[in-house]
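Take a look at the structures listed below.
Shared between the two complexes below is subunit A, which has subunit B as its partner in the first and subunit C in the second.
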Partner chain A sequence: MASLSFVNVCKTYKNGLTVVKDFNLDIKDREFLILVGPSGCGKSMTLRMIAGLEDITSGELWIDGQLMNMTSPQSRDLSMVFQSYALYPHLTVYQNMAFGLKVHKVPKDEIEKRVGRAAEILHISHLLDRKPSALSGGQKQRVAIGSVIVRQPKAYLMDEPLSNLDAKLRSQMRVELAKIHRELGATIIYVTHDQVEAMTLGTRIVVMNSGVIQQAASPNDIYENPVNKFVAGFIGSPSMNFFPVWVARRGEKICLEFGKNKLIANEICSKRLVEDGYVGRRVYLGIRPEDFHEEGPEEQKILFDVEMKEVLGAEILFHGRINREEICVRLSPNVKAEPGERLPVYVDMDRIKLFDMDTEQNIIYV
Partner chain B sequence: MDSVITTAAKEINRDELEKLKRSATQKALFRRRAGKFALVIVNLAMSIFVLLPLLYAVSIAFMPSSELFTTEMNLIPGNPTLENFRQAMVKIPLNRFIVNSFFVAGCITFGQILSCSLAAFSFSFLDFKGKNLLFMVVMATMMIPGEATIISNYLTVSGLHWLDSYNVLIIPYLTSAMGIFLFRQFYKSFPISLYESARIDGCSNLRFIYSILIPLTKSAIGAMAVYTFINAWNMYMWPLLVTGSDRMRTVQIGIGMLDSVDSQSISMMIAGVVMIIIPSISVFIAGQRQLIRGMFSGAVKG
Partner chain C sequence: MNIKTFVKKAGPYVYMVPAMAVFAVFLFFPFFKTIYLSLYKTNKMGQAKLYVGLLNYADLLNSPSFFNSLLVTAIFVVIVVSVSMLLGLIAAVLCSKTFPGIRIFSTAYALPMAIASSSAAMIFKIMLHPSIGIVNKILGFHINWISDPKYALACVALLTAWLNSGINFLYFSAGLSNIDETIYERASVDGANSIQRFFFLTLPGLSPIMFYTLVVNIIQAFQSFGQVKVLTQGGPGESTNLIVYSIYRDAFFNYRFGSAAAQSVLLFLIIMILTLCMFRLEKKGVSY
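Now for the complex of A and B:
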């Protein structure tokens, strides 16, 4: 297994378009690192640069203390699962899994042993004689992972490997992947745009946007303490609600005012807002859908017009508007409200986030 | 009483309905069969019309000259004979010519598949400076007719003292822009992730070609093989120009030799033609499926 290090890595196309900018990151041995971000944010490009499939325009990539910028993909001792599985259609499952080992001239009995073990882990022992065309999507996916884990390379690279699977299979495979990581103790770099995968699988998440790292932290940190409005909005489903609010001093208290709604900031927020000179200015207030409650103190109450509701069984999502801003609220199923009604909800003020209007940085980031 | 009558009426209606259904089905069946039959007849007539010259040539090859030059319409030989074939073999060393043609066409086919697939691999999978420009130059050579360069080519090969040898018949044709183009188009539809996956697995380019690309592009290779073999087998102008002895002549020139002023036997000449079209037709029949699959690959989603 290996540790990786990026130093000021940039990728610019011939037409001058920069897709990865000044990428600095250290990936520890045995880490399950998730690169997450919207389409076109440069996460797949970063993975391809690690694999050696794309040249690095500037900066340095170190793997296990060795500079890898000019090393060919075959000499990097990495393996990669592609979004399209990349199984060789003319070879059987066994031959597909054994291909990389054969290329590396691993003895035949060792190949048999490793393929057998990987097939057992992935529950595909009964499929070894089949061709990829005779496999379902989930089985192909397992074979693709199998052909990667038999190699025992320095690090495993995975490029949205679950994106072609249906929801049920995807959640099953998430569990399998987490198990494999635990069993192999491997360094895995995993690209996805699915934040559920990011939150459940990763030991650390790197959120990217427009080729720039926005935040690299543990899933819990990213969720609880986002560095800026982009990260706060990207992580979490349904995403965080944002409202532009005025910060005003009302007597001893600091209030966040929008329309007729007035929320009193807690002590930590008030202190930070006063210290940083936000009183009398507008900021973004961020509230996650689950941070609204049916009951609470009067000073935390806001009213919103319900436009639609989604009954999910264990909870209900209410979509509506406060003034002109859209809002999504997650409440328990015993809340009775119908579209067209005005619903009072109470904000958990200890969990709100505040973002600078211009820089969109988290004002209460710790 | 009423209900008995209604039931009887219903029974009759049901019987009539059944009869009507049966006759409608029979009519539809007849119409479909008649349509199919008419199509078969039209197809047969068309194929006889198209194949008539070929079939007549085969017939003439077995026909004694006395039967051919009469005022009667002899489509089928009355007394079939192999004499024409024997005479054609005696008149010219046709065996030697066939062996030459096989050897030359075989070498050209092998050489073109090897060189064109490797060139197309670089144009499709590798990234190097001037790739597109170089490909355009290769494609531009297709626009120059072979006849325009034949004199300069002749001067080159004669300067190399290659005249009247296998070298001169084979080496100038070991690659072709058309072949490179055909393979490149085929490789363009090849999933690049397989190449990338193989590279990450530690596979060299040559190993990728040998163990992944060739097995997966058999139909392109088959199409190219049939196309090249038939073209090489039918070469006339170049072999005529660069070979002088019977030792190096190919079959197409051999047939030309049968048509000399002092021996005007049409039946013998046609016997020779029938003999030499057998290999090219066999190659086409053997490889037609590959050829069609190769030519139309990527034309439709599949």
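Now for the complex of A and C:
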């Protein structure tokens, strides 16, 4: 198992397009690191640079204290699930999964044992004699995962390995991956754009946008304490609601005003807003859908026009507007409101986020 | 109504008439004429004169010269097919990477395809000339390549292999471009070095086209004629007397059209049986 370090890694194409910019990150041994970000932000590229499939334009990549920039992929002792599966079309499922072991000269009975076990975990034991052309997308994807977990490399690289599975299988596989991580004590670098995978699997999440790391922190930190508006909006589902508000001093209190609505900031927020000179200026207010409640103190009330509701069973999502800003509110299923009604909702003021208008940095980031 | 159904039924055959006519004139007629001739003794004009049944065939099977031709052809085919496929494969693998000047190399490797076999043979004849030839000059030998029974067959075979390698290069290049690039990436991450990647991925990936290329090459090699005619005329002795050349000699020098026809029929049978065997094998052997 291994630790990895990126030092100022950049990837620029010949046409001048920079895909990964100034990437600095230390990945510790046994870490389950999640790379998330919108599509095209350079996640796969980062993974491919670790694997050695793409040249690093500038900067350094260290694995276990050794500079890897010039090392060929086959000497890095890694193992990768490709976004496009990359199964060997002329080999059976069994041979596909055994390939990596075979080239590493693992004895035959050991190969048999490991492939058998992996196939069981992934529910593909009945497919071992098939060729990839006779598999569905989800089955191919599990074979790709199987080919990787049979090995014990320095680190596992996985590029959206569960993207093509149905919901039930996906949650099963999530559990299995977490188990594998625990049992093998493996270092795993995992690309996904699935919120749930990111939050449940990762020991640390790296949020990327246009090739730049926005924040690297534990799932809880990322959720509770996003560094900027992008991260706050990207993590969490449905995503955080943003609306511009005026910061105003009303007597002793600092208020956040928009339209006819007025919210009184709590002590911590007030202090920050005053200290950093935001009074009298506009900021973005961020509230997660679950931080609205159907009851609460009067000074936290705002009025919400319901336009649509989604009943999800254990909760209801209301979509609508506050003061022309589109927002989404998550409430318990015993709230009775229909589209067209005006519903009073109460904001949990201890959980709001505030972002600078220009830099979009989190004002109350700690 | 009756006419309508008739037209409907006959229509497809009418469309096939032109193609069938061409086949009939240039393929079926010569084919059956050859079988017919092989049962006769002929005059000098190639006209069937005396029905002899299978006597022509019996003569052939008792003739050491014919068996020599078979043996020479077999050796020739083995050398030509293996060398030309190997050349084509190596060239194609080299050209599957992109690097500056790749176009020039690709063109150079595919070029033999465009050269007429007899003109290539003329050039080789000069290159292999014992006193002024460049081959002897470079190697420092004094070998009379095409007059020495030891070397003549190899020379003709290698020339043919080079000529045929152009088309093999094209076949293999097409085959290589059909192999998914990402499986190479996965294999390299899995730890396979380039030799392992070649044997575990490239060769199996080429196997469908490999088979097709093999069949085409064998048939093509059996039918080589121009280079023998120009370079060695079947000599020295009978050391390069390939069956096709032997047919030509029997027919147009010795005026034994019956015997030549019989040899043609036997050659046809040999190629047909070989091809059938290979198709049988293919069903078992080729992956995918």
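One rule holds in what follows: the second predicted complex is superposed on the first by the 350 of 366 C-alpha atoms of A that agree within 3 Å, B and C clash if a C-alpha of one lies under 4 Å from a C-alpha of the other, contacts with A are read in each partner's own complex, and residues count from 1 in each chain.
By our rule, a residue touches a chain if its C-beta (ideal position, glycine included) is under 8 Å from a C-beta of that chain, and two chains touch if they have at least 3 such contacts.
Note that the structure is predicted; figures quoted are calculated from it, not measured.
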Handout entry: When subunit B and subunit C are modelled together on subunit A, clash or fit
Key = clash
Practice task
Answer with first, second, both or neither: which of subunit B and subunit C does A:246 touch in the superposed model?
Solution key: neither
Practice task
Check the residue A:62 against both partner chains and state whether it touches subunit B (first), subunit C (second), both, or neither.
Solution key: neither
Exercise for the section: State whether A:82 touches subunit B only (first), subunit C only (second), both chains, or neither. Expected result: both
Problem - Touching partner for A:258 - first (subunit B), second (subunit C), both, neither - result: neither
Practice task
With the two complexes superposed on chain A, say which partner A:53 touches: subunit B (first), subunit C (second), both, or neither.
Solution key: both
Problem - Colliding region between subunit C and subunit B, picked from 5-13, 23-31 or 113-121 after the shared-chain fit - result: 113-121
Completion exercise
Residue overlap on subunit A between the subunit B interface and the subunit C interface 51-53, 72-74, 76-80, 82, 84, 86, 88-90, 99-100, 103-104, 151, 157
Handout entry: subunit A contact footprint on subunit C (complex, rising order)
Key = 180, 182-183, 185-193, 196, 200-201, 204-205, 207, 287-288
Exercise for the section: Name, in rising order, each residue of subunit A that touches subunit B in their complex. Expected result: 51-53, 72-80, 82-84, 86, 88-90, 99-100, 103-104, 151, 157
Handout entry: subunit B residues touching subunit A - in the complex, by the definition given at the top
Key = 191, 193-194, 196-204, 207, 212, 215-216
Handout entry: Residues of subunit A defined as touching subunit C within the complex
Key = 51-53, 72-74, 76-80, 82, 84, 86-91, 99-100, 103-104, 131, 133, 147, 151, 157
